[in-house]
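In the two complexes below, chain A is the common chain; its partner is chain B in one and chain C in the other.
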Partner chain A sequence: MTRILAAAGIALLLVAPLLTGNTFYQHLMIMVLFSTLLGTSWNLLGGFAGQVSFGHAAFLGVGAYTTMLFYLKLNLSPWLGMLAGGGLGALFALPIGLICFRLRGPYFSLATLAVAEIVRLVALNWEQLTNGPVGLLITTLPQISIAGRAIDWESKIPFYYLVATLAVLAMTLIYAVSRSRFGAYLAAVREDIDSAEAVGIDSVRVRVLALALSAFVAGVAGGFYALYFRYIDPDAVFAISLSVEMVFIAVVGGLATTAGPIVGAVVLVSVAEVFRERFAAGHLIFYGLFMMLVIRYLPEGIWGRLRLLFRFAQG
Partner chain B sequence: MEIFLQSVVSGVLTGSLYAMIAIGLTIVFGVMRIINLAHGEMVMLGMFGAYWSYVLWGLDPFVSVVLWSPLMFAGGMLAYRFLLKDVIPKGELNTLLYTAGLSLFIANLALFFWTGDYRTLNLPYALMPARPFGIAVPIALAIAFGMAIALTAALYVLLSRTDLGRAIRATAQDPQSAALMGVNVQQISMITFGLGTALAGAAGVLLVPSLYLYPTVGEILIVKCFVIVVLGGLGSVPGAIAGGILLGLVESLGAVYVSVAYKDTIGFVLFLLVLLFRPAGLFGVGRT
Partner chain C sequence: MALLTVSGLRKDFGGLRAISDLSFELMPGEILGLIGPNGAGKSTVFNLITGFIPPSAGEILFEGKSILNLKPSAVVKKGIARTFQVARPFRNLSVLENVVLPALLHEPSRPRAEAKARALLERMQLAAKSGTNAADLSLSEQKRLEIARTLATDPKILFLDEPMGGLNPSEVEDACRLVQRIRQDGITIILVEHHMKAIMAISDRLIVLHHGVKIAEGIPQDVVRNRDVIAAYLGKRAA
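Right after this comes the complex of A and B.
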């Protein structure tokens, strides 16, 4: 069943951009997949390990700045830069994890929020490195040829396939984690941290590892953001609202599910877009309202609820 | 020396208003175990309420606080009854996110009606600061400080001397036992949420003459509030007062002696240090 769904999903991803030549719809599809990446990253830590972070934008921002700076200052290929962004995000996560995981529950969430704010303020003020509030801009992306044809970076299609690949890889990672021994450790830590420790799980190490993996995905996503929009500034990539959005994607889709983030991303991106079209200035009002309704009536998330119904139907 | 005194005075004055907002957040956490992310929006609503009653009816904010506090109290009780009550049993994370949705909803509703313009309200009698002993004291902030102390003291008496206050404290300590002793926990939660909202709203009203107001001002305030309640210990009222003043001092002294750009960072670093080494707050009275 899972395999059929996955194969159908990948087939759909492959043909989706061929269905429309409209660049706006292509942009929306890219945003859905980008949000999936963000939701997947958050879900690994927040869903599977049960550690609710409110500062995930920090890792996204570190990835975005790494990619940008490696390209602009060191002239490193941005595709490698994206990986480096993930790597640095993960590296950056280690000290943060070691500090914050001494705390539990709401204290952990508040600590991650504080860390993200500190990082944002540093990025805003460290002007020699980050150019401060002015931000960084890429004007041209380097030429790359695949099978003798130069890729057209003005088109959205290459970005679509790039982010689709990243999203599939991230979901595969999550799926692999959820089926592994490590995934079982995470579940144990999530359900009861004291019992997990009692049976010999090093809860700090397990959680730090989950955070590093999660930060890697967020860092790569940040690299993609930098390349796709070609402009970043601290208030765009380190915003609290971005951290909160990452949480929403995972929660609306379904905590601790592999497919949840993509469902959440599809729903939230479309809802935001429909509201933006209908209500122009006031669209975030309805976005907030929608959020409240989902949490009120579908606390286990849309995919979480569908999965429950499906299991119920199977008996 | 004069600069030092000046920073201390302005730190304490601002800090007292931070404290008032933080007390609202901390009593709600104490009784219901929820961190209300929409708390900053309650301050924003108080600010706009005071602003419009000044612009439209010429009501001085220090008078209209008498009008807005009970209105915010009623609004908070209604919000609890119709928005939060059924969500709280669905778990900590869900409630937190629900209030995040509520915050987005209120802030953007305000943005829609009142636009994102920065507004100021200048009281004619408070244009120039008073200068006792050569230290500049902004008059509006000084009056706000006095009223914040009065309101906080009133709340303190309510919590420590009345039956209602006893019921609130009992619920915060142990909801089950409180219920067994005949406390209507739902009703107490509703009243507490109303009190928290009223404090936030009243602080907003008092802050209006001293701060820019715009619909998303709540985001900055709520983050400051987190810092304060953690400094003082989550759930503790005296802790929130001390934490508020401390943050006010750290910000104003930090801006003078360290750097203006990094003054907010100092607050967060302090916050992390306290979280790590004294998670129950500086005075060890919070809940872990």
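Right after this comes the complex of A and C.
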């Protein structure tokens, strides 16, 4: 069943951009997959390990700046830079995890919020490195060709396939984790930290590892953001609203599920666009109302509910 | 040689001395009962030895080596497992998964860890409940699950914190037999218990704590006749 769903999903992803020549719709598809990447990153830590982070934009931002700076200052390939962004995001997460996982429950969440704000302020004020509030801009991306044909970075299609690949890889990673011993340990830590310790699970190590993996995915997503928009500034990539969006995607889709974030991303990006068009300036009010309804009536998320119904139907 | 040696153990919570200068030894294969009135510091002793709270002073040797300042998970890996006074299963995981998790500690292959977990559940008469969520078990089932979970870590010493608390008389008898069977498997046991009849029957030796101080130690029959112990439980006039 999982395989059929996965194969159908990948087939759909392959043909989706060819169905429309409208670049706005192509942009929306890219945003859906970018959001999937974010939701997947957050879900690994928040869903599977049960450690709610309100500051995940910190890792996204570190990845975005790493990619930009590697290209602009060191002239490294931005595609390698994107990987480096993930690596640096994970590296940056290690000390944060070692410090913050001494805190439990709401205190951990508050600490992550503080970390994201600190990083944003550093990026705003460290002007020699980050250009401060002015931000960083890439005018042209280096040429690469596949099978003799130069890739046209002015088109949306190459970005679509890039982010689709990243999203599929991230979901594969989550799926593998959820079925591994490490995944079982995450579930134990989510359920009860003391009990996890009592059966020999090093709860700090397990959580730090989950955070690092999660930060890696967020960092790569940040790198993609930088290359796709070709412009970043601290308020864009370190924004609290971005951190909160990551939480929403995972929660609306389904905590601790593999497919949840992509479902959440499709729903939230569509809903946001429809509301923006329909209600203009008031759209956030309706977006908020929508969120409240989902949390009240679908606490296990859309995909989480579907999965329950499916299991129920199977008996 | 003693399996576990505790010497000069002290714990202060702010200005309150919860445990003062506690020393005792645990011999391989014995069942040691730790008793005392409410608030005597029994659970604190468990938390100190198993690494859940750090001692203010003292030394704890397991098989001759210090286990001071180890994390609880590291203490478990050495071979000291514990239960909690109020059973704390992984509530939203299945009964089977609750026991597979600790089995994975020494048995990385999942099928083999699962086989080991199933055997333990069989022994604890929980096999029929393997698929149930742990939260849906009765109190006595949760207590047995908790013991199965600790046994899955292959402990040398088992710390049982009130394994009989809240059980009915026939369940208490079953629990006593279970504790003795575990000892027959070569596991040394130290238990805190308020059920006096039960602890008298199964313990080889008793230690009595009162206000964090050891006031008596010896075989059960002697300890219950000790004047200090009677005074601690019933007041000075009764002694």
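Simple rule for what comes next: the second predicted complex is superposed on the first by the 315 of 315 C-alpha atoms of A that agree within 3 Å, B and C clash if a C-alpha of one lies under 4 Å from a C-alpha of the other, contacts with A are read in each partner's own complex, and residues count from 1 in each chain.
Here, a contact is a pair of C-beta atoms (placed from the backbone, for glycine too) under 8 Å apart; a residue touches a chain by one contact, two chains touch by 3 or more.
Worth saying up front: this structure is predicted, and the values here are computed from it rather than measured.
J.: Which of the two partners, first being chain B and second being chain C, lies in contact with A:I144: first, second, both, or neither?
T.: The answer is neither, since A:I144 touches no partner chain.
J.: In the superposed arrangement, which partner chain does A:V274 touch: chain B (first), chain C (second), both, or neither?
T.: Neither: A:V274 stays clear of chain B and chain C.
J.: Answer with first, second, both or neither: which of chain B and chain C does A:V134 touch in the superposed model?
T.: Touch partners of A:V134: none, neither chain B nor chain C.
J.: A:N125 in the overlay: touching chain B, chain C, both, or neither? Say first, second, both or neither.
T.: The answer is first: A:N125 touches chain B but not chain C.
J.: Is A:I240 touching the first partner chain B, the second partner chain C, both, or neither of them?
T.: First partner only, chain B.
J.: For A:A11, select first, second, both or neither according to whether it touches chain B, chain C, the two together, or no partner.
T.: Neither: A:A11 stays clear of chain B and chain C.
J.: State whether A:S195 touches chain B only (first), chain C only (second), both chains, or neither.
T.: second
J.: If you tally the residues of chain A touched by each partner, is the higher count for chain B or for chain C?
T.: B
J.: List the residues on chain C that touch chain A in their complex, please.
T.: 50-52, 71-74, 76-77, 81-82, 84, 88-93, 97, 100-102, 104-105, 108, 110, 149-150, 152-153
J.: Spell out the part of chain B that touches chain A in their complex, as residue ranges.
T.: That would be residues 35, 83, 86-87, 90-94, 96-98, 100-109, 111-112, 219, 223, 226-227, 230, 234, 261-262, 264-265, 268-269, 271-272, 275-276, 279, 288 of chain B.
J.: Within the complex, which stretch of chain A touches chain C?
T.: 181, 184-185, 187-188, 191-192, 194-204
J.: Under the touch definition given earlier, write down the residues of chain A that touch chain B in their complex.
T.: Counting only chain A, the residues touching chain B are 52, 99, 102-103, 105-107, 109-111, 113-115, 117-118, 121-122, 124-125, 240-241, 244, 247-248, 251, 255, 281-282, 284-285, 287-292, 295-296, 299.
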